[in-house]
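Both complexes shown next keep chain A, but they swap its partner, so chain B is in the first and chain C is in the second.
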Partner chain A sequence: MRLAIQIIKNTWAEYMMYRLSFVLWRVRSVMQLIVMYYLWWAIFSETQMLFGYTQSMMLTYILLSAFVRPLIMGTRTQEIGGMINDGSLSNYLIRPLHIFRFFFFRDIGDKSLNIVFAFGEIIVLFLLLRPPIFIQTNGEILLFTVLSLLIGMIIFFYFSLLLSSLGYWSSDVWAPRFLSFVFAEFFTGMLFPLDILPAPLFFASRLLPFTYFIYFPLKVYLGHVQGMQLLQGVAMGLFWMLCMKTMTDRLWQRGLRVYAAEGR
Partner chain B sequence: MTTILKYFRLWIKLTMNSFLSVLSSRFSAGLFLLGKSLRFVFFGVFLWALFTKVTRIAEYSFLQAMFFYLTFTFIDTVTQLFFREVYRFRQLVVTGDFDLVLVKPTNPLFRALAGGADPLDVLMLIPYVGMLLYLMMQFRDITILHVVTYVLLVGNGLVIAAAFHILVLAFAIMTTEVDHAVMIYRDLTSMGRVPVDIYRDPLRSIITFILPVGIMMTFPAKGFLGMLSPWLILLSLLFGAVFFIICLRLWRFALTQYASASS
Partner chain C sequence: MVISVSHLKKYFKVQQKKPGLFGSLKSLFSRKFQIVEAVNDISFEIDEGELVGFIGPNGAGKTTTLKCLSGLLYPTNGRISVLGYMPQERRHSYLRQIALVMGQKNQLWWDLPAQETFLLNKEIYEIPDDIYKNTLAELTELLDVAALLKTPVRKLSLGERMKMELIAALIHSPKVLFLDEPTIGLDVVMQKHMRDFIKEYNVRHKATILLTSHYMEDVRLLANRVIIIDQGKILYDGKLAQLVKKFAKYKALSIILDSYISPDALGEIGELISYDFPRAVIRVPRSASNVAAAQLLQKFPVDDLNIEEPDIEDVIRDVFSKK
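Let's turn to the complex of A and B:
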């Protein structure tokens, strides 16, 4: 536990060393939120109900997606690809702590710091914009929201590790990540709820793991997914979690066999 | 004239090098190309999905919204095509390798700003221009004056984009921070994917006249559709020129602050 806390503290210290960089990163997040917020605000100025959403539900979705995004997708695991390529991975392989665990705690540091700032930003935006938001009070739904957030977090953690593992076979680790980001931007529901998409595209999105990063937890929070649908969704999330973990573990083990510590 | 020719030849040489560098990894280039195409398509699908339920957003029809989006994409892609080197500038500053640029008999701004075009963006421009021309032909009552206004305002948008990139370079020298600064520019301009009129005041006024995203991205399409008064057109051209001059002065000041760290 002490080790975990130390890794988290180190991650915070690293961010605080490059304060301006961190501040600019947060500015970016706020700007992305504002764009989508105003877009939806404009759309709802002419109608009360759209795609089955009221204005308050849609604006709640957009505001919460800005909060959930760093929680699920805030990660430092992308560094591993570069570490494989320049051979610095060797330093981590000889440590008495598995590299996945090390990065898991590092991610907790990353997520916690981003969430603190995201929370502050959302409060400021809330006070400035005074949006009509929807507050969920059902304890059971809130519990399932937390559960689905945890599932999303773990799926994303392994997904990101999977992408970094490609570094064992290719020095181009950024290109697959860029492509995955483009997919994630659309299919996680970070910009809009996925059920506004045409039916075939929405169906396709539900077959992908991205759905469980942002869209599913927020739909649970809004109370749109209940009963059997909710259990099915959680089961699918757990299935993806297991799949992603198995695939990542296997790929990582194979990668270690071909790892030559080039650059060292 | 000789100087322009010299820089043109230099730009061709740097661009050829950039092409060779990018194409040395075709797999990676393919993935980037696919990612860029999908990003364009996905936002288009989002807009289309919206217009299946509403006929207009802030008085704009689907056709008009797509025209605004394509104009944004065109300006954004041309900007990335020419100013890709800005994304690599921080490395030059933090390692002190910018010294090597400063001692060369060329303008350091030219090297930092336009030191090699991105071949992937050249490829992306082909379908964008095709779609833009197709969309332009869908609008009725368009005269040659509208087309001239559009070309003029797109040019003005590119001048403002160049000025923004110069600002980012100056910021990089003064703070060694450029990665997020250039991405903030990208996020800021992404507000122009839709007409800036949809945003509410004070945001609308801020991104039109203080951070000139509206002038850059929305005004050209509005000019083409005849939604701008001649005064606003003149004002926006003046704004572009003044903004460019201010950014150039900031760059000159930033150069005096360069510390050659780590060299």
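Let's turn to the complex of A and C:
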């Protein structure tokens, strides 16, 4: 536990060294959010209901997706691919440290800082825009929302590690990562709820793990997934979590055997 | 026995690429690989508390051996045992007892003061508070960096950073220490500080140390025993003093003459290396050095004569160039 706290503290301290970068990063996030918000605001100006969503539901989805995105997809694990290639991974391997655990806590540091700021921003935006937000009050649903967020976080963590592990076999880790993210981000439901997609695409998205990053937790929050559907969704999420963890662990272990500790 | 290496081999598959843009494009479609035998069948053993110098030219296999010993690399073949562990298993109980310091790789957090890395290592190695405080005080005093603990790493000079790297690597008081070029890039004063520190650490903690260096001074002043490696093979393993006897086939007769003698006449005794009257240096075969010295004294007006061993660096250079 003390190790976890120290990792989180160091991660925060590191961000504080580059305050301007951090602030600009947050400004960018807010700008993106405002653009998306007004886009959907404009779309709903002519109609009360679209794709089965009321204006309030859709705007809640958009605002929350901006909040959930850094929570699930904020990570430092993308650094690992480069570390494998330049040999600096050795600094971690030489110490009695589970590198996945180290990066998990580093991510917690990363996410928590982003969330604190995102929370503040959303409150300011809320006061300024006074959006017709839908507030979930059902305790059980809120509990399942938290659970599905945790599942999404862990699936993403291993997915990102899996892509970074490719560094053991290729020095081109950036390209496969970029491509995978373009593909994955579309299917996370980051830009809009996936159920407004044409039926075949929506069906395909449900077969992928990416829906668990944003779409599924938000649908749970909005109360659109309930009963058997909710349990099935959670079970499927747990299945993906296990799959991704097993694949990543195996790939990593195989990678360690070919690790060349280059650079010197 | 702390370290035991038996028939260790480590081969790498290295991609070969022709130069230029065309070469890059070609390598997209057909890649050629070459097997590099970085370490090729080496064996040695090291006892507790020994400080061994590992020397060889660039690409000899020194760093690869250290990386295998510290568990970073899986051996292609052969057996390694350090403190009774197989390093490549990277068991935490093993990693808690060793440290690897690579001169050009740093574990310090670049943007944070060095003490943040030390605190992190304290938690990683699960060092109790009082032991951590004492060790940190001892190390910062030995290396004279107590005043710099709160300075961000990127603001430190290279020498100061190397010292901090050493502290980060030693904060858990490792029993076995692998030092790869610990003095690289440092000025002569800082090199001496570093050497003194390594010697002191070896004595104080009875630590087993295996050190590589390009600087013969490091090895000469620190290690009793040297292992010379070249092209992945061990050429010599033994005392530094014995190395000269084994590999130097010549001795140098250094004389001071009373009166001028022609270089040709001196050349009859042996190979005249330098002559700046009244001083001359003649190289003679090792076995014939006594006879040659006697001849010199008989034939010429010699005021002073010394029979000298050649310089260790020259001997090692000879060894590498003769392979």
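We take it that the second predicted complex is superposed on the first by the 264 of 264 C-alpha atoms of A that agree within 3 Å, B and C clash if a C-alpha of one lies under 4 Å from a C-alpha of the other, contacts with A are read in each partner's own complex, and residues count from 1 in each chain.
As a convention for this text, a residue touches a chain if its C-beta (ideal position, glycine included) is under 8 Å from a C-beta of that chain, and two chains touch if they have at least 3 such contacts.
Quick caveat, the model's predicted, so the values are computed rather than measured.
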First, second, both or neither for A:Val27, with chain B first and chain C second: first
Per-residue contact with chain A, leading partner among chain C and chain B: B
First (chain B), second (chain C), both or neither touched by A:Leu231: neither
Touched partner set for A:Ala204, first chain B, second chain C, both or neither: neither
Contacts of A:Val116 with chain B and chain C, given as first, second, both or neither: neither
Parts of chain A lying in touch with chain C, wherever the complex brings them together: 2-3, 6-7, 9-10, 13-14, 17-18, 87-88, 90-91, 93-97, 256-257, 259-261, 263-264
Chain A-touching residues of chain C, taken from the complex the two chains share: 12, 63, 67, 70-74, 90, 92-93, 95-96, 98-100, 102-107, 109, 111-112, 116, 119-125, 152, 180
Interface residues, chain A side, partner chain B - complex: 20-21, 24-25, 27-28, 31-32, 34-35, 38-39, 41-43, 45-47, 50-51, 170-172, 174-176, 178-179, 181-183, 185-186, 191-192, 196-198, 201
In the complex with chain A, residue positions of chain B that touch it: 25, 27-29, 31-32, 34-35, 38-39, 42, 45-46, 49-50, 52-54, 56-58, 175, 177, 179-181, 183-184, 187-188, 190-191, 194, 198-200, 203
